[in-house]
Amino acid sequence: MTNGPLNRKLKMGMVGGGQGSFIGKVHSIAACLDNRAEVVAGAFSSNPQRSKASAADYNVAESRAYGSYQEMFDKERQLPEGERIDFVTVATPNHTHFEISKAAVEAGFHVMCDKPMTFDLGQAEELAVLVDNSSVVFGLTHNYTGYPLIRQAREMIQSGELGEIQAVRANYIQGWLRSKIEDSDQKQAAWRTDPSKSGAAGCFGDIATHAYNLGRYMTGLLSEEISCHLRTFVPGRKLDDYGTALIKYDNGGLGTVTASQISHGRENDVTIEIDGTKGSLSWAQENPNAMQVRANGQPHKIYTRDPNAPYMLASGQAACRLPAGHPEAFFEAFANIYAAAFDAIVAKHSGEKVERINTVYPNVHDGVEGMLFIQQSVASSQQNGAWLPFKCDRARR
Amino acid sequence: MTNGPLNRKLKMGMVGGGQGSFIGKVHSIAACLDNRAEVVAGAFSSNPQRSKASAADYNVAESRAYGSYQEMFDKERQLPEGERIDFVTVATPNHTHFEISKAAVEAGFHVMCDKPMTFDLGQAEELAVLVDNSSVVFGLTHNYTGYPLIRQAREMIQSGELGEIQAVRANYIQGWLRSKIEDSDQKQAAWRTDPSKSGAAGCFGDIATHAYNLGRYMTGLLSEEISCHLRTFVPGRKLDDYGTALIKYDNGGLGTVTASQISHGRENDVTIEIDGTKGSLSWAQENPNAMQVRANGQPHKIYTRDPNAPYMLASGQAACRLPAGHPEAFFEAFANIYAAAFDAIVAKHSGEKVERINTVYPNVHDGVEGMLFIQQSVASSQQNGAWLPFKCDRARR
Amino acid sequence: MTNGPLNRKLKMGMVGGGQGSFIGKVHSIAACLDNRAEVVAGAFSSNPQRSKASAADYNVAESRAYGSYQEMFDKERQLPEGERIDFVTVATPNHTHFEISKAAVEAGFHVMCDKPMTFDLGQAEELAVLVDNSSVVFGLTHNYTGYPLIRQAREMIQSGELGEIQAVRANYIQGWLRSKIEDSDQKQAAWRTDPSKSGAAGCFGDIATHAYNLGRYMTGLLSEEISCHLRTFVPGRKLDDYGTALIKYDNGGLGTVTASQISHGRENDVTIEIDGTKGSLSWAQENPNAMQVRANGQPHKIYTRDPNAPYMLASGQAACRLPAGHPEAFFEAFANIYAAAFDAIVAKHSGEKVERINTVYPNVHDGVEGMLFIQQSVASSQQNGAWLPFKCDRARR
Amino acid sequence: MTNGPLNRKLKMGMVGGGQGSFIGKVHSIAACLDNRAEVVAGAFSSNPQRSKASAADYNVAESRAYGSYQEMFDKERQLPEGERIDFVTVATPNHTHFEISKAAVEAGFHVMCDKPMTFDLGQAEELAVLVDNSSVVFGLTHNYTGYPLIRQAREMIQSGELGEIQAVRANYIQGWLRSKIEDSDQKQAAWRTDPSKSGAAGCFGDIATHAYNLGRYMTGLLSEEISCHLRTFVPGRKLDDYGTALIKYDNGGLGTVTASQISHGRENDVTIEIDGTKGSLSWAQENPNAMQVRANGQPHKIYTRDPNAPYMLASGQAACRLPAGHPEAFFEAFANIYAAAFDAIVAKHSGEKVERINTVYPNVHDGVEGMLFIQQSVASSQQNGAWLPFKCDRARR
């Protein structure tokens, strides 16, 4: 049976993901890809009728399509284990993440939460304390960390293959908010550009956090200070749609993060370049099955996602489902986040002690660091790029 | 509910896919990706104990893990509709496809069969007659036709955007059989290089069929004659591991198909280039989210898989699950084959008349043409490349 | 005859470029590529014997291989026009550019000078005044501006095709100074890492200036302020080998320039991305015959260097020597800098008035701006990235 | 002095290259790039007035712009050595190559001739005998062999790095003759599609010869038989504009050559893939500074053109003029053909014995093989692809 000793599928309760949602379907496909989980309940919308109407999309019984997350947690808690939901996926706009996650944790459900984790740093820290004092597994869908070659790169760096890391350049370039589509009926754009829902940052909260997190996840370098400049290039927009940040790492290394939502025709161009004293690597999300590894005097090496290749390290290999040349992509990477969290849930269930900081999946501590990134980016930008403290005690390494 | 008027998931019975199988998992993930189907039964191995032992991998109840496909069909047929399997997936070595498919059709189950469809042409034609006289939907997993940009290209060509098609160059280059790994314990290699299991051709049956089919699916050009040269470059191997074929199309066009399993370090490099009087296009499976469309005097155009772009035609758009820049890949394309067959099954269930020749999914007629391709390729090669007839009456256009 | 009304080749006198020099040969090949110039004299080395010994490399008569630039200018000035050198190429380490250029201008010779133009800003400004008050043509070999697609992009931007430019991201990534090769017998590395020869900056003077200049040349956006962080990652090195700068343009746009000499295996990776309100473009020097032009909702467009394509504008077309698909590269781009300066020299000779600021070739004013870039980058970095004024009165637009 | 012991530039006499010619300028730029040659005379056009008028383009004195090649050879022969031309470049349409080359050889001038070498095989063989019995150096501008990475690949193959070569796939895809531009005033198209000027083949003579030659040059595999299918896709055209050939090599290897002039938007896409028992490689002319080298189980390797890299072999290194990342391209490759022939001329001058078959530059024997390729391709195509003998006694190996 999948999920080893647990001997059954994990049961998923979705918050959000109602009709018209994009990310809800991504979560359910990713969570269920390996046949280790199934959606059994949902509070798909804060509108009870719409929630019911969305149940069919997920093959959820109407009786378990709830009118609110509170109702779902209450009702489900009363079901016997193995029947009730095991974990909650939070796929709602940012400003609601905290209350939902908090309630889920308090109800004893594991949580998979969209990023950015909360509306502000205060909420994030409160949530982290709550999670740490609980026994729930809390995953954060910084989904780009789920790509097999990202895991491979992380292990290569951890093992010293690239030497000391000195520079990280991470970019996330999009173009979809080039015009003010939030004024038309574009739901995705509307809440993301609304400070009351998105939080203090727009572009930097939505996508720069991913780019920053990716560098941290791969290198383990600890941040010390940040300087940032945000711009709003589309007239009348309330939040930033472009920006660039510099990060001083505690080993003297320098990081740069640039994010854009206004670059015409650019789709979802997450790229990262990492320079070490022994080698460098680069990777681009839009072509995720190849990674460049280079060293002076040697041919450039292309590491392809090849689970059977001797050069693949354990964590890279474990994240593959297909042989080389059969491309894997976004859904599979997203599913790898779920898979790592499921491993932890299953281990917990078996009474094993599980890692809480340096987990394979991004966790509540990464979420706190992400909120600190947003807060200090915005603050630095308001002070014309002043260097601000950016040490996160909870940070993975 | 998924599957519209049918109002429930389709129930899948797997033949093959037992422990150690690669393609079985691919089929189940692809079939279940959109939450429209679930694996409920299986004859996972011809060894009954191994079949039972494999059930857990698919979350199938042990009681429905059968010792043989015959047993599965017999027992399942006795279950009420809605409980019994709706369709059978045939994921076994080539030489068993015919008997299993035939039995499934005779038992009234829809079929999704791996390619090449049968062991030889005679079986293929017998099966096609059987399917045509039945009411089952029969899909063939020429999975590369499931990529959104392939569907897009097909519709562009059908609508005349590229003008008259005059040349097709399709290649499928791999390297995994560069050494004689069939002599070691490599199950995948062993049956594929064994003429008693693979059929008359090795490389040409396994992969050149895909490349040929892709050109036919995209262009609809009808073949008239074929000339082929096969080679076995690895000493002692019993079947071809390299070859090239030329095809005369009935409009005077010329096609070339080259396939290799002995090209060092090459993974799964399916490429196709199509020349029309108004434009040309090219696509590569290892980077499937982009397609080059070119015309003299104009900038080269990269069509990316973008469901929201005005340039995307209906069939390309329908095959997307994610916005541009969020790459989709092998599993999603494979799932699109299932999805199109599911559409037909659901339509049939509702009493609608469904297309049987020019289906969106590759079908039993494509399977016949594929077997004719293999037969005539081998025969031509034995006659030093003599041009042989290659008209398939059942061919799509 | 080449050079139109002038009706003869231009005569070139080289300063520097002695045995072992790389850039000297580049200058002579580039200058002579179109048969419009020939090297007739040289002060190839400050060591008279080495200068003589180098003459043969350039097919220069020994009698015109001088022991010093002063001697060359003196002697050549006494030759009749048409026999004496017309222009001087300055291909020496940075700290000598000023005195040589100044002497050349004062002697009435046109000048082609390597970048950075001088040792410091004061020299640059003095030189600019001198040039402006003279009748000489002064070109600066920011050679990347010579690529046909860069000229094409510049004209597209000037004509408004991309709308208002809001963001420029320019990178220049190399790896050759990853280890401390200046300690071994590597002449190129030695002077570039020596502050007494290179000037105030290392990496930023040598290559970031190129990246910055490229953005300015293409967009014409005027800079207002700069913030910079430099790093020296190789222990014991005296100058920066990595850095990143932000630029505020006077239209509210934001520029970023990142340069590295310590990125393993990276060769000469100059890239630029430009975001406008109507379109975006990107280009990479290592693959210079293609440029990406994108706009939301449209296929990505690849503009190839195609002199016969309707989409090519006049300046792009004029910079091509070969039809599309026949790649042109570094030498040809370098030659385009010379060609544009030659046009100006020829025009002057015919008594035409020539442009002095917004020239096709980079000029003495670009050189001043480059030195200001270096000075303020270093100063800002020393003040932990403080924003410093970066308006250059002489700047092109 | 350049040209070592010869101690002077070589003097070039051009036949063809008059006003409006493209290839004439390519020859003169390539020949003169390294300062080892200069154009001093020309019969630029068969129209004496146009010949005179073209002299200025090459900076040739009017007195040495001749009205015919015969006149040039006569007059120049009477000049003293060191003043008269050393070699003749033949840059005229195909049907005139033989008579000009023959006359040049008979006059004792070295020859650089455009490909295909002659109008038919008979001429080619006659010319080869003549050259072999003379002391002239005869080079053929199969210019793609001049790329540094092609030289590198050739040496890698010769040294056994890729093992036994079993398959070669060479393509040359263009689109410029997609419409019948020979009917308008397009001089290049007009003679190339005219059998009285181009010879027996169009596309196959003009470009497939390059692709075939490239494979032979790189691998040294000897051809035994050829089968070919030519097509004329543009109605009314008199020669082939598309075709594909198969080659049986004498070691049992298989080659494929496909060439097109009718593929919309395709520029000058020469590609080659070579499969050996120990490794494979691939290269594309439009991106000539990188070559893929692959072996199962290893990261893909990109060999960049890097004269300083330990992996570069002597011949690859010798063909570089610039450090890695500073792209070299078409002109430089073309110049490398000249450079290798110049080396032979200089060596001859010094009384050294020089290689005549396996020369670094393509030679008269390659020219014979090229004409045999054309003749047998056309003949095979006329016999529906019959296998015809294709052994060339003069072939390099």
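We just call them A, B, C and D in the order they show up, numbering each chain from 1.
Quick note on the criterion: contacts are C-beta pairs under 8 Å (C-beta built on N, C-alpha and C of every residue); 3 or more make two chains touch, one makes a residue touch a chain.
All figures in this text were calculated on a predicted structure; none of them were measured in a lab.
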Repeat of the A-B interface, chosen from C-D, B-D or B-C (over half of contact pairs identical by residue number): C-D
Centre-of-Cα separation between chain D and chain A, whole angstrom: 55
Chain centre separation in whole Å, for chain D relative to chain C (CA means): 35
Whole-Å gap separating chain A and chain C, where each centre is the average of the chain's CA atoms: 43
Contacts with two or more other chains, residues of chain C listed in rising order: 266, 298, 300, 304
Arrangement of touching chains [line / ring / star / complete / other]: complete
Chain A-facing residues of chain D, complex: 293, 297-304, 308-311
Residues of chain C defined as touching chain D within the complex: 1-2, 9, 22, 25-26, 28-29, 32-35, 56-59, 174, 266-269, 285-289, 304, 306, 321-332
Contact set on chain C toward chain A in their complex: 162, 166-167, 169, 171, 173, 175-176, 178-179, 227, 229, 231, 233, 242, 244, 246, 252, 254, 256, 258, 260, 262-266, 273, 275-280, 294-296, 298, 300, 384-385, 387
